[in-house]
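Pasting a structure here, questions to come.
Each chain gets a letter, A, B, C and D, in the order it is written, and its residues are counted from 1.
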Amino acid sequence: MTGLQAYLLLSSLLFAIGLAGALTRRNAILVLIGIELMLNAANINFIAFWHYGPATTYITGVMFAIFSISVAAAEAAVGLAIIVAAYRHSHTIDLDSMNSLKG
Amino acid sequence: MTWIVRYVCLIPALPMLAAGISALLPQRSRKPAAGLAIVSMAASFALALCAFAAALSNPSPQVFNFSWLQFGDQTLALGWLLDPLTAVMLVMVTFVGLLIFIYSTGYMEHDENFTRFFCFLALFAGGMLGVIIANSLLLLFMCWEIVGLTSYLLIGFWYQNPRAAAAAKKAFITTRIGDLGFLIGMVWLYAQAHTLLFYDSGRGALESGAVSHLAVTTTIYGLTLSSAIGLLIFCGAMGKSGQVPLHVWLPDAMEGPTPVSALIHAATMVAAGVFLIARIYPLMSAHGVEVVTPTIALQVVTWVGAITALFGATVAVAQWDIKRILAYSTVSQLGYMMIGLGVGGPAVGMFHLITHAFFKALLFLGAGSVIHGCSGEQDIRRMGGLRKYMPLTFLTYGIGMLALSGFPLVVSGFWSKDAILYSAHHWSVSQLPFYMASLGALLTAFYMTRQVCYVFFGTLRLPGHGPVSHSEPDSEDTRHHGAGHPHESPAVMTAPLAILAFFAFALGFLGTPLWPWFQSFLNGDHSVAAEHEPGLVATMAASSVIALLGIFLGWLLYGRQSIATCEAPDVLERAQPQTFRVLHQAYFIDAIYDATFVRLTRWTAKLADLLDRFLFHGIVQAISFGVLGLAWVDSFVDNYVVNFGFDSSWRSISMGGRAMAALQGGRVQAYLRYIGLALVALVLYLLWGVAR
Amino acid sequence: MSISFLIIAVLIVGSTAAAMGLRNPIHCVLTLSITFGGIAALFLQLGAEFVGLTQIMVYVGAVAILAVFAIMMTQSRRGLMLGTFSRNALVGLLTAVAVFSVLGWAVLSQPVAGVTAAVSPVSVQQIGSSLMHEYVLPLELIGLLLTAALIGAIVIAMERKEDTE
Amino acid sequence: MTQTPDQVFVILKHWLLGYVPTSVHAIASAVLSILPLMVVFPLLFAITTLLERKGLGRIQNRLGPNRTGPMGLWQPLADGIKSLTKEDIVPFTADHIVHFLAPVLLVVAAFLAYAVLPVGRNMALVNLNAGVLFFFAVGSVVELAVFMAGWSSRSKYSMLGAMRAIAQMISYEVPLVLASVVVIMQAGSLSTVDIVERQATYTGIFPHWYVFTPWGFLGFILFMIAATAESNRSPFDLPEGESEIIAGYYIEYSGFKFALFFLGEYLGMFATSGIAITLFLGGWSAPLSVLTFIPSWAWFFLKLLTLICMFIWVRGTLPRLRMDQLMNFAWEFILPMALFNMVIAGLWRFMNPGAVRWFVCAFLILVPMFVLSALLKRKKKLQLRTYSFAE
């Protein structure tokens, strides 16, 4: 197993754990966090590919990670705001009981 | 390239910026709006002076181009340029504009839409300056349209007044007719020359490469391409500069505030057409190698100018409204400029443009001062004797009148008009324009004298004032506080008058035949040498005589005995009522347009309406009935044949739908699960593809 | 593969598993911040200093705190939650396992050796200048996105007053 | 460059390293660098507590501690012994692990911040490429520690204190970072060492400290205000306002853990002061070129003590703010000013050096300052407060 493969394996494990969390948790906030973890796993891939890429002077991977972090921050802010608003509406953040579009 | 060329674009940009900012200001912030406009204009003036200095030291066109947008392999470039023509116009427009802005703060003081007024005024100035600096016909056209728009807005500034609104619409539509020709010409030029830039280091549309190509290619009726395109563009200039037959909007435009009339419809905007012709003069005058007579385009320009000059002068003789007289005078003078361009080249036409801008702005502002003083009265029959009440206005107005009449040797109007007459006299095609112009000059002096006599001499005939009702005209009290008494305007209005009067005097000496500095500057050679050409003195003498004769005639008919009452008919009206009526109605051109074009349009509209109502409506009805019948048949078939089949199929569809709906249970995690499974499938597919 | 990588990897995986498996959501977030720190350490180890520090600042300093706040604000009034895991948790877990096995197979089956040349850590100047040159449009877009998210989050989460019509 | 008194600690370290086998060279070097910091700053903490109590006493027209030792000099020692020997009380319902980890994390984070502080010439622990960013990244960890402390205690007071503290820290972290961005713009580097070296040059005898520019001065003031709020010190000490919520988030701590919180807070204050010195006050550089014979580390600590005295002075002078005032001040004054300051700094960079530049920038700063403060003042209207988020 090479260095790059180790990183990729770690990131796919992280991705899978994040996915598992997002799929199994009831708490909407934790589902969101699972998705954040998946994004982080992707970031690890970017950085790893940059590091093991042909030339580290091409910093596309780094830039991509930075942009991805920014997007993730925006996503977290809006997602949590939506959850808070939904909680105010239905007094629960249990995803199993939040399956109706009706108010 | 000096630094100023790069920053020339600031000259129009500053007023536009001021307009944009003041558009956002609330209505009550009058001072900031006016201050913004004036400061921006002053800054533009300063920049224009810098540009002028730069052009003085380097008279060849200096350009700054950039590509604006690109589609396919075509690039549309915009840019601006600095050459003597631009520099002269920049200084004139910014200077006159600045003065008029200052004047307007006094004139519009009581108007509730003061802020809007200055916003429009600044936008106008920006557009006009944009026209001047444009190095691309496209940019010029854009700014041209801005100017047209602001003209519309300003003529209709008092839009509550239906006549002003109508005048605004008229101006807009009439100029648009001309602009159509302009647009077609522009498109044609682009198709032929593949560029709309004027100067582009050898590749521009006005430079020898493109021009020589255009000048030798002929199109319909043996016209050269350059002439045909030039004539189309001239259509735009005709609309903007009020040449016959598109002049009808200009007198009506006097419904706008007087500073607007001065700025737009006398000094600058109407001159834009002349400027445009001067700008594309290389195109207009381009001819093949063997032909040396003036091109068809220039001949058309000359003839249109001559007709306009004479037309305007004759009509102005028979007007009562102080501003309409000046408006028709403007039409006439624009005709002179066109003659000058046609027969003598840009220098001659532009010289008259510049001098005219100053003295016509002066006259209009003077008229505004008179109107302001008489509380809105515009009919010269109801004025009279104002020289006692408004001495400063009278003095400056008199100077303007002398300049317009071409009083010999001292005023600027004489020199510029003389140059035109001289060139016309030497025109190789025909002498007729010379005689028309001379007659026009005679009439010009005549009607100006008439107007001054009516307004400033004689006795006061304002309604509510008997001829002698003002017993103590000089007492301070009646002067300033009398409700209907004429009074002198505030200093903020008279100061610009004085400045303009000075220039109306002095500018002429830049272009006398003895020292033709202006002409040589515009033509680009620096040999400031007096050229003694044959017949020069004779022409000068002739034009002096004409002017003096006109003034004398005017004084004879109107000044000798003072006009007593406002009901008294005009001297000419008494002598020739029919002719006077024709002239007063401006040859019934408006009526003719009403009877022909407008009625034609109405009839076409009515016809279309009738067609719509009966023919098309009938067809539609028939079709709808047919469709209804078909539908009835169809519904029969539907009910008894098709429905059965559909019933069974919708059942299966709704079952499928229910099955699909089960997938979308509203549970987010279920969706995420599908995505995860899809990801698995995708990766497997990709791997399988690689493995194969 | 170095020792430090192994340590960090174990830390990350352990804390992530805890974050996704613990009962108390606050504990989840706290362990999650360990994960974020570990990922930042991974970035630092790989020479992406700026990204690593940004990771800490954004995730530990902002996202984790935000999540904590959200949890505090949504603490159910009816007491404890019905349960930690949803009804279909097993299916979800199986899906995740399937994803991991497929991804892991993909990683291991491909000969992605990568180049292990001398690594020069990316400097902040480099990032800054490329943000201002090549990536200026994405930068502007991100700025717009963040502004929109800021305003949107406030608007969404703001409590509307019922009594004002 | 290598004056002996200036570089005495560096030389000492290298001398000591000579006695260490090369295999453990790296670790030994790290230990030798870290250990002095871990000794010096807690010592400074001890001195500061005494200084603060004495100083506050003087300001409040009383004597302050004077019983232990000559003039009360042994007071810190006594305090330390007392807190070490006190019983460690953990609430029954508390989340034990988190309750234990919170003070540890706080102190660790505070110590980590010193890694990038250049306390003297060649005396920065690491010269990180993104040093300033590192500082702020570590600073954001403190928030988590505060939350852990407040939440794990299962007490309403501590929870409220933690919420207040976090809200305040987040609000003031934005202007804190923005105020320092101007320096980064000017220096063109995120490395603390580079930033100090940019400032350690002289025109005549005057140094090029950033505080001597209009934007730098404004940035320094904003930074100090934000730093005061960030370290929860008076007048921004709402999270631990004694009269309202007793001691805030560490109300349920006692004994040595309480002391750790105290230590962590003071260390945080030193660290922010240190970074303020680094960014604006020229770090270890001497204020006049003729004074460079005094060792650089001495200058750093002199400046640090000055700033600490300033903190004490402010604490003794200003009353505590109300929560809404605190938030309004952050979002309506400091943040816009910081943003505006960035514009000014950009302008500064593109104008020609000279007095004109100085005056133009100063003028451009003064105008929005007056406008914003007038706006803040105008809102001072007495009315019933409406609570939108506290239920």
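In the analysis below, contacts are C-beta pairs under 8 Å (C-beta built on N, C-alpha and C of every residue); 3 or more make two chains touch, one makes a residue touch a chain.
Since the structure is predicted, the reported quantities are computational estimates derived from the model, not experimental observations.
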item: Co-neighbours of subunit D and subunit C - touch as defined; value: none
item: Chain whose Cα centroid lies nearest the overall Cα centroid; value: B
item: Chain centre separation (subunit A, subunit B; CA means) in Å; value: 63
item: Approximate Å spacing (C-alpha centroids) for the pair subunit B, subunit D; value: 67
item: Averaged-CA centre spacing for the pair subunit C and subunit A, given as whole angstrom; value: 5
item: Multi-partner residues of subunit B (each touching 2 or more other chains); value: 669, 672-673, 676
item: Subunit D residues counted as touching two or more neighbouring chains; value: none
item: Sites on subunit A at which at least two other chains make contact; value: 19, 22-24, 95-96
item: Pairwise chain contacts, counting only pairs that touch as defined; value: A-B, A-C, B-C, C-D
item: Of all residues in subunit B, those that touch subunit C in their complex; value: 669-670, 672-673, 676-677, 679-680, 683-684, 686-687, 690
item: Touching residues on subunit D, where the partner in the complex is subunit C; value: 95, 98, 128-130, 133-134, 136-141, 143-144, 147-148, 151, 163, 166, 170, 173, 188-190, 388-389
item: Interface residues, subunit C side, partner subunit D - complex; value: 26-27, 30, 33, 40, 49-50, 53-54, 56-57, 60-62, 64-65, 68-69, 72, 121, 123-125, 158-159
item: Touching residues (chain side subunit B, partner subunit A) in the complex; value: 665-669, 672-673, 676
item: In the complex, subunit A residues that touch subunit C; value: 1-10, 12-27, 29-30, 32-34, 36-37, 40, 43-44, 47-57, 59, 62-63, 65-67, 69-78, 80-85, 87-88, 91-96
